[in-house]
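Paired with chain B in one complex and with chain C in the other, chain A is shared by the two complexes that follow.
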Partner chain A sequence: MKRIIGVFKDLFKDYRFVVAFFVLLLLLALSLLSSVSPYDPTRTYQVPRGLPPSLEHPLGTNWLGQDVFWRLAFAVRNSLIIAVVTAVFSRIIAVLVGIVSGYKGGLLDRILMTVGDTTMVLPFLIVLIIISMILKNWAKSFFNLGLLLAFFSWAWDARVIRSQVLSLRERDFTRVAILSGMSTMKIVYKQLLPHVLPIVFTTFINNMSWAVGMEITLAYLGLGIDPTVPTIGTMLQRAIYRQALFLGLWWWLAAPIVTAVLLFIALYWLSTSISEYLDPRARFQRIGAK
Partner chain B sequence: MTFIKTYLIPRLLQYFIVTFLGLTAIFLLPRLLPVDPIKQQLQRYQSFGVYIPPEQQEEIMKTLKQLYGLEGTLWEQYVNFWKRLFTGDFGPSLSRFPVSVSHVISQALPWTIGLLSTTTILSWLIAVITGAIVGYYRKRWMEALDIVIMIIRPIPYYVMALICLILFAYVFPIFPLSGGVGIGEKLSFDIKTILSILKHGALPAITLMIGGIAWQFQSMKLIVQVVRADDHVWYAKVSGVLEKMIVRNHVRRNAMLPMITQLGLQFGGIFSGALITEMVFAYPGVGWILYDAIMKADYNLIMGVMCISTIAVTTSILLLDLIYPLFDPRVRYR
Partner chain C sequence: MEEILKVKNLTKVFSIGLLLFRSKIIAVDNISFHLRKSEILTLAGESGCGKTTTAKMILGFEEPTSGEIVLEGRSIREWKRERKEFLKRVQAVFQNPFESFNPLLTVDDIFFETVYNYNLAKDQNEARKIIDEKLKVVGLSLEDIYGRYPSELSGGQLQRTSIARALLSNPSLLIADEPVSMVDASLRMSIVNLFAQLRDQLGVSIIYITHDLATAYYVSDRIAIMFRGDIVEMGPVEKVLEEPKHPYTRLLRSSIPEPDPDKKWHEDITVADTEYEEYLKGGCKFSGRCPEAREICRHEKPRERFLEDVMVKCHLYDK
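Coming up: the complex of A and B.
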């Protein structure tokens, strides 16, 4: 417990961490608020439409008769769920592939890395568009969309983990473990995993913000999630599609844009401050990342 | 000779395998699309109010299949696909029928290449120069620049483009909202048209450059900070080499290598166009026709664009690997 407090004390010396921490806390609180929302997020015409921000409707109402504030609460929640699902699953794939191909090597390594390279060479956005068109109804639920995004974001990090494992494999402590007859599973679990975990944590946050960005992009293209379900992407898309600006309802468009910008900055600052705290040299590794 | 055996041949082999796998995936993917181009074409005929009896429908479908190159089993199509690829023929575009894919692409390519190569080179140059300066001399006012970059960097491109569009085309109408050239203007080489093209391209270019500069500036800055602490820089300083010369010859040259890799990768990506930019600004480039093709299940056009872009990416990576020692004498082929 004392150690955790100490870590936080150190982290709070970085202004980026402080800002990111409180912004994320705010957004998290907003997403938790969605569970006490007085309105159903998918229904329309529940309140008078086109009202400017007021006490009763903190962010006004949109042209479809929905309260923007409460919709935003749902949107933040759903977008965060997509992000976490993507990050968790792609980390799992990346760790598995990275450790197997790094530790086993040989033909399996070649095959896995070639598959990874191929997914990186293909014009990724286009492939994603085509796939989400093929899986039209399947990708409409946001949990499934998270899975889909996960399958596209493991390759780079698997490579990073593999190179880490390659060097760990040659270290003395691994040799000792092998010679003393430790089983392979136990070596992986005890000797390799602890060294790989920092990579997993720092890329987790980057992956989350990438997933939110992809969700927004897909929503703009009219793919991905069912547009009546609020996420940051679908809110933005609806506002643009219904010409919010030309109707003069700037708050309808501004709410998702400001939230998105805040969320991205917070996630980025969080990840940079944490990774600099964990390893000053990590600054250098991030250069290659997306 | 060992160079050829131990490096060049495996590298070339890898290049061909990755390209082959990529192209195969490209062949398969559009065929999984839920939209059937032939049925779509039939519907288009019927929407004119033409009644087509069932037996004639069969005939029409057969002819269309022949025309589109969709006859035979998947395997036969696949073999045909490779045969055509080597002659550079992607067949006719399905959605704009008699026009060939090569023609459609060649119409859109100048727009994309014009926009993207300018922004890529410009933002790379700006980022490398400013990044080196800020990374080497750390002055107070530079920290402010750092914070600005820290704010711009994480914002995804699409949101950034949207903000720019709202600010500079709607709130302050400086730039036109969309298009590559004014409506109804013919493409020619007089001054008015060129000005119009520049004016329409300015906003997409600015948004592309903001994102590119922020990202590459940061990479450059971080690398320079590391190189700056190296022994050889220290030695140069101690032996009294001018600071300007140190930055130019000892720091920037070393720090540039990863940046050159990034530039090369970006150049490969130019051919697939900037999908989002072109959609947000309705710019008539490759990304735009690609999106259109996907929505209309225009197999041939999708395949044409994706083949070109995949080959461009893999080839630029190969070229980079091969010319790398020119920039860095320390790199020897394994």
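Coming up: the complex of A and C.
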């Protein structure tokens, strides 16, 4: 516990982490708030339409008679769920594939890397469009959409992890670990995994922001999940589709855009500050070796 | 005296390149030697002569292309099934002390790992005692390294720590791969003395790999001079280094600078071949640089000849 507090103390010396931390905390609170929402997010015409922001409706209401604030709460929650599902599954695949093919090498390495390269060179936007057209109902669930995105994003990071493991495997300390009688499994999780974790953490967050971006792209194209279910992407798509600016309802359009930008910046700063913290050399350079 | 390690016709061939451009490097070419109990054998030679590859093959990190390695009467292939037992008997110290420890783990971690993995201690207290005991051998104590990261210790401390770790399982064979080349001169002697002490007091056999003939002369019992994967001269260290028989050994000896300002460190060798050509030479591999090369040297491989107890591979000693 004391160690965790120490870690946070060190991290809070970086302004980027502080900003990212509070922005994410805010968005997280917003998404938790969705569980006490007075309105059903999928139903329309529950409030007077086209009201500007006020005390009663903090972000106004849209042309479909929905409260933008409460819709945004649901949108942030759903987008974050998609992002986390994508990141968790793609990290699990990436770490397993990266370590196995890096440490074992040989034929298995070649097979795994060929599969990975194949998913990498496929034009995934087109493939995602085709898949979400064919499996329309399947891809409408945002958990399934997360899995789909995970399948297209593990390969690059698996390669990065593999290359790291390839070089770690040849370093003397791995040999010393073998000489100390450690089993292969133990070498992997005790000697190699700590070196791989910074990659996992930063790519986890980067992968999350990629997933949010992909979800927005797919929703904007009218694919992916059900447009009545609020996500950042579907909110944006609806606002544009219904000519929010032409109707003068700028808050309808601004809410998802500002949220998305904040989310992207926060995730990016979080990933850079954490990766610098986890690399002891970079940490000493920045905050000074005290 | 009993032989602890026997190496017979050991060969390692590396293939480089792809498909049509494939070529071979014979890193270790048909070498044989043995090591007795509590003896220090030096493997010396220039870089790329196969010293480290030999060490890696003995440790099992590289698979030999052909040949036999026998430890305590059992072939290394038989030992494969009991790798842990094997590694308990054979330990190694590597060249770079900063690389020998995981920078993300504390130094003591690998000590406790070694103790528990080889079942050397039942509980934490006993483990601490054993570790402390071995660290005392190298002039350190557990307090000095406990909870420290490798970056917090000096190179000399780390190298001694690395030796102490290798000693934990009471190995019968210690392979020291250039253990002093990264350590500064003042510490070099203390580490080399430590090896002599290990041999005399604990009866450890040591393969001491180096390119530094001065420390080799000081510490070892026998020496094997390697050149391009081949042992060209092997025998008691005094005989080999005081009256070198092989032209390459002479060259190595003359390349030790003498602390005399009047003596110029002259160079009378010309490098005739590229390294790669030397590896593939049909006859004596040294013939391109040898001042005494004759016609036969270029065509025929010299065979082993024994001049008393010194083995030498050179056509100079053909009868």
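Note that the second predicted complex is superposed on the first by the 259 of 290 C-alpha atoms of A that agree within 3 Å, B and C clash if a C-alpha of one lies under 4 Å from a C-alpha of the other, contacts with A are read in each partner's own complex, and residues count from 1 in each chain.
Everything below uses one rule, namely that contacts are C-beta pairs under 8 Å (C-beta built on N, C-alpha and C of every residue); 3 or more make two chains touch, one makes a residue touch a chain.
Everything numeric in this text was worked out from a predicted model, so none of it was measured.
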item	value
Partner chain in contact with A:116 - chain B first, chain C second, else both or neither	neither
Which superposed partner A:191 touches (first chain B, second chain C, both, neither)	second
First, second, both or neither for A:146, with chain B first and chain C second	neither
First, second, both or neither for A:41, with chain B first and chain C second	neither
First (chain B), second (chain C), both or neither touched by A:175	second
Chain B versus chain C as contact partner of A:127, first or second or both or neither	first
Residue contacts on chain A - larger count, chain B or chain C	B
Touching residues (chain side chain A, partner chain C) in the complex	171-173, 175-182, 190-191, 194-195, 280
Residue numbers on chain A that touch chain B, as the complex places them	16, 114, 117-118, 121-123, 125-127, 129-131, 133-134, 136, 209, 212-213, 216-217, 220-221, 236, 240, 245, 253, 257, 260-261, 264-265, 267-269, 272, 283-284, 286-288
Residue numbers on chain C that touch chain A, as the complex places them	59, 61, 84, 87-88, 91-92, 94-96, 99-105, 110, 113-114, 117-118, 151, 162, 165-166, 169
Residues of chain B defined as touching chain A within the complex	17-19, 21-22, 25-26, 29-30, 32-35, 150-151, 153-156, 158-159, 162-163, 166, 170, 219, 222-223, 226, 258, 269, 272, 275-276, 279, 290-291, 294, 302, 306, 309-310, 313-314, 317
